[in-house]
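Structure provided below as structure tokens; questions to follow.
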Amino acid sequence: MMTTPVPVVETKLQAWERRAEWPLALAAVLFLAAYSVEVLATPAGAAAVAVRIVSIASWLMFVVDYAVRLCLADQRWRWFSRHLFDLAIVALPVLRHLRLLRLVTLITVLNRAVGHAIRGRVVMYTVGGAVLLVYVASLAVLQNERGYPGAQITHFGEALWWAMTTITTVGYGDLTPVSPTGRVIAVLLMIGGISLLGSITATLASWIVQRVADEDTAARVVTTEHIDVLVTEIQELRAEVRRLGGSSRPRDGLDG
Amino acid sequence: MMTTPVPVVETKLQAWERRAEWPLALAAVLFLAAYSVEVLATPAGAAAVAVRIVSIASWLMFVVDYAVRLCLADQRWRWFSRHLFDLAIVALPVLRHLRLLRLVTLITVLNRAVGHAIRGRVVMYTVGGAVLLVYVASLAVLQNERGYPGAQITHFGEALWWAMTTITTVGYGDLTPVSPTGRVIAVLLMIGGISLLGSITATLASWIVQRVADEDTAARVVTTEHIDVLVTEIQELRAEVRRLGGSSRPRDGLDG
Amino acid sequence: MMTTPVPVVETKLQAWERRAEWPLALAAVLFLAAYSVEVLATPAGAAAVAVRIVSIASWLMFVVDYAVRLCLADQRWRWFSRHLFDLAIVALPVLRHLRLLRLVTLITVLNRAVGHAIRGRVVMYTVGGAVLLVYVASLAVLQNERGYPGAQITHFGEALWWAMTTITTVGYGDLTPVSPTGRVIAVLLMIGGISLLGSITATLASWIVQRVADEDTAARVVTTEHIDVLVTEIQELRAEVRRLGGSSRPRDGLDG
Amino acid sequence: MMTTPVPVVETKLQAWERRAEWPLALAAVLFLAAYSVEVLATPAGAAAVAVRIVSIASWLMFVVDYAVRLCLADQRWRWFSRHLFDLAIVALPVLRHLRLLRLVTLITVLNRAVGHAIRGRVVMYTVGGAVLLVYVASLAVLQNERGYPGAQITHFGEALWWAMTTITTVGYGDLTPVSPTGRVIAVLLMIGGISLLGSITATLASWIVQRVADEDTAARVVTTEHIDVLVTEIQELRAEVRRLGGSSRPRDGLDG
């Protein structure tokens, strides 16, 4: 049921992907840091150049990773056509925030502490994803709204407040984005919000269903363990019958 | 469990319905295209006439389909009284958007790619239905609000933005419909929204419940496969007992 | 699992309750009609008197029902202390809308058409309850807001629109109640809204969980039917062993 | 499955915790009462001093409890590092509201009336927690907004109304907090709101899933009781086979 690949002999591509995992997570962290500074501190002069360099460096790491994986692939055209998404987040600036998906590597490590319980992992990804989504959406909305005529969201505090009212589907409407890009980001946040709601409810429902089943011993569902007990019982019975047959059959010499 | 009808001998009505499926889906697409052009481009002169013709042509396809099915039915009055909904979406202009339900044919085809997994199909219909609902509701609200005094929704972008805040139940209230028809459309969108939320949550809950059950082998629920193993065990035991009986009974001649 | 009481010998109290069921449902309908006319038509003169009479008549039916039940009860003090809620909805004007709970009798009849499937009944009560709640809340809010200074909800159409945005938790905020009573009604509607959402989601989740289980025969859960098959198999085996024993035992005369 | 600790020999620390449970619940009630009076009545002079004393007294009870538990712990550093949260709610004024978590003791007592059914307990904690959260958030928002320039929430009634629209995720936006602290409280209330929604839905889903399973006897899931019946059947069969063997084996003297 687990989907961790267990390759018998690791191909060169798989070896690269394993080794590139952490550098790419680092690249995502660098990109997030550079983007945060760019939006929040609006640096000028040398600082702006430094931020720009960090941003480009993190992008280059993704470019290199894409190029190396394309080279190492056995069937390049097949690999290319199956990894159009990887190409898109490298080539299209509008999708650059999706590089942050690499931070899933960090959540995976946190998950090791939590253990392999499916509900624990769902909670982890839900909380981690929601926090990251609110933070990045706040930054992105602030960047796009700030300069727009008639904008209501002009500080990071306001952006965070707006993002929280949106992802929880409360939607006061005291602050709303007015620029087209800001509204696209808002729609993504809303979709994130109903997924968040769904995820919390589903985890709780699964937990309650299990607890209710555990609660009443009489209603406890039969597991394969019980069936093993039954099979053992029947096999012992067969052994007994065979012994009985063994004790009577030789005497008769009918099927000796 | 599947509800695809498998008629042994196809009646004329069933043959027609099978053959009419795709033309009607096409009629729905034509209707959607004509409606989109009508609302978004507000064509004048020859263009308006062309749009009108396409719209009427798609309507005629539904009229013909209804008439043919009524003629082919064995018991016409019974068929008539059981297909009042079909009559309504053909005869009442206010229900004309419901003809788009025929687009379910397209989703069904996409589903074939996804496979028959129930959760995959639920996700497909949820996403497909939500996208179509948002698009059509945006068009319809725009058409009804545009000319109304004090209207806030006057562009398609605004209509889409409003539809997204409504279906996700965020409801900022920065733009709200003011015409009675616009508010009826909004109510339908809200009902669609809570169904969307319910559908997403339910799919996630079902997925988590299954994963939790799969996760722990000790807690794995017994399936009919396990029972088959048991039955085989017992049948082999009976065979052994019968052989044993066969070896002793003839000797005694008691129940020969 | 069903909770329909099946009394062996009906007491006088039970006989009365069974016979009073339909008159009380009628009283609830009368009350709803009178209340609707009172709020929507704001009648004057003779019409107002007529509405008042109908309203009082429906109330009297509840008073008579309460009095008769109190008289017929075996242990009056015990019955009194356990039916404080019944007393409250008869004696306190502020709780008079709760008499509409008697309309559950009507939903129960509709349910008979739907059958006894639990999900069908949940859907029925959810839809029926939501429609009634929206209608009554609209009337009540309109009555309380209309005359309040600074009121935004002054027509029934606006009241309905506001009730729909509230129960779906969309909450545009274009119209909000400002009177204290109006806000109490709004809070009840919000609580109804989150219950509605929960009910829809839960019904869908239950449906999907069942469909997923049905879908894959290999994963089908073992039912008591399968166990019956097993028990039959074992009993036949026992019969065979007994026959075998019967054929050998008499001959040996050991346990004759 | 229950998590009530049943220590064989109670340590001094456990004895203290058991005895301190009720006084700390009382301290939480005192703190809530003092806070309510402080915010709602804004007392002056001697009354303000009295409220201050009650507030400090309730705080001292938590300080004493923390100190005693630290002293009684076997491995003090380990206990200290594992109870940083306890230290935080005692030492940091900003977290003082979290002392109200001690009121869980009261809900636990109410639960004893409800019984040990898991769904009953979930409903209890959900309702109890929601009511307390709305009340405390209303007080806290009122205290923080009241004096803030441009504040919209200036009376307790408004604060309660705003808290209800927020926790149900309706979010009209007619009243919104404008101070930073007020917005932090609002975010906590929103998170409480989506948890409330999740909790209600999950409880309903669990209830429906169970009712659906109960409804159809043919579909009833096999429980350990059924397996016990099977095991008994097989054991009786084995006894019969053994008796049969006993009746034939001695005669043959093959296995003594």
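Letters are used for the chains, namely A, B, C and D, taken in the order the chains are written, and counting of residues starts over at 1 for each.
Definition applied: contacts are C-beta pairs under 8 Å (C-beta built on N, C-alpha and C of every residue); 3 or more make two chains touch, one makes a residue touch a chain.
This structure is a prediction, so every number in the text was calculated from the model and none was measured.
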Touching chain B and also chain C, the following chains: A, D
Chain whose average C-alpha position is farthest from chain C's own: A
Self-contact between copies chain C and chain D, residue sets same or different by half: different
Chain A and chain C: spacing of chain centres that average the CA atoms, whole Å: 41
Rounded Å distance between chain A and chain D, as computed from the means of their C-alpha atoms: 29
Of all residues in chain A, the ones touching two or more other chains: 169-173, 197, 201-203, 205, 209, 221-222, 226-227, 230, 234, 237, 241, 244, 248
Residues of chain C defined as touching chain D within the complex: 1, 116-119, 122, 166, 169-173, 176, 180, 183, 186-187, 190-191, 193-195, 197-199, 201-203, 205-206, 209-210, 221-227, 230-231, 234-235, 237-238, 241-242, 244-245, 248-249, 252, 254-255
Interface residues, chain D side, partner chain C - complex: 157, 161, 164-165, 168-174, 196-197, 200-205, 207-209, 211-212, 214-215, 217-222, 226-227, 229-230, 233-234, 236-237, 240-241, 243-244, 247-248, 250-251
Residue numbers on chain D that touch chain B, as the complex places them: 169-173, 201-202, 205, 222
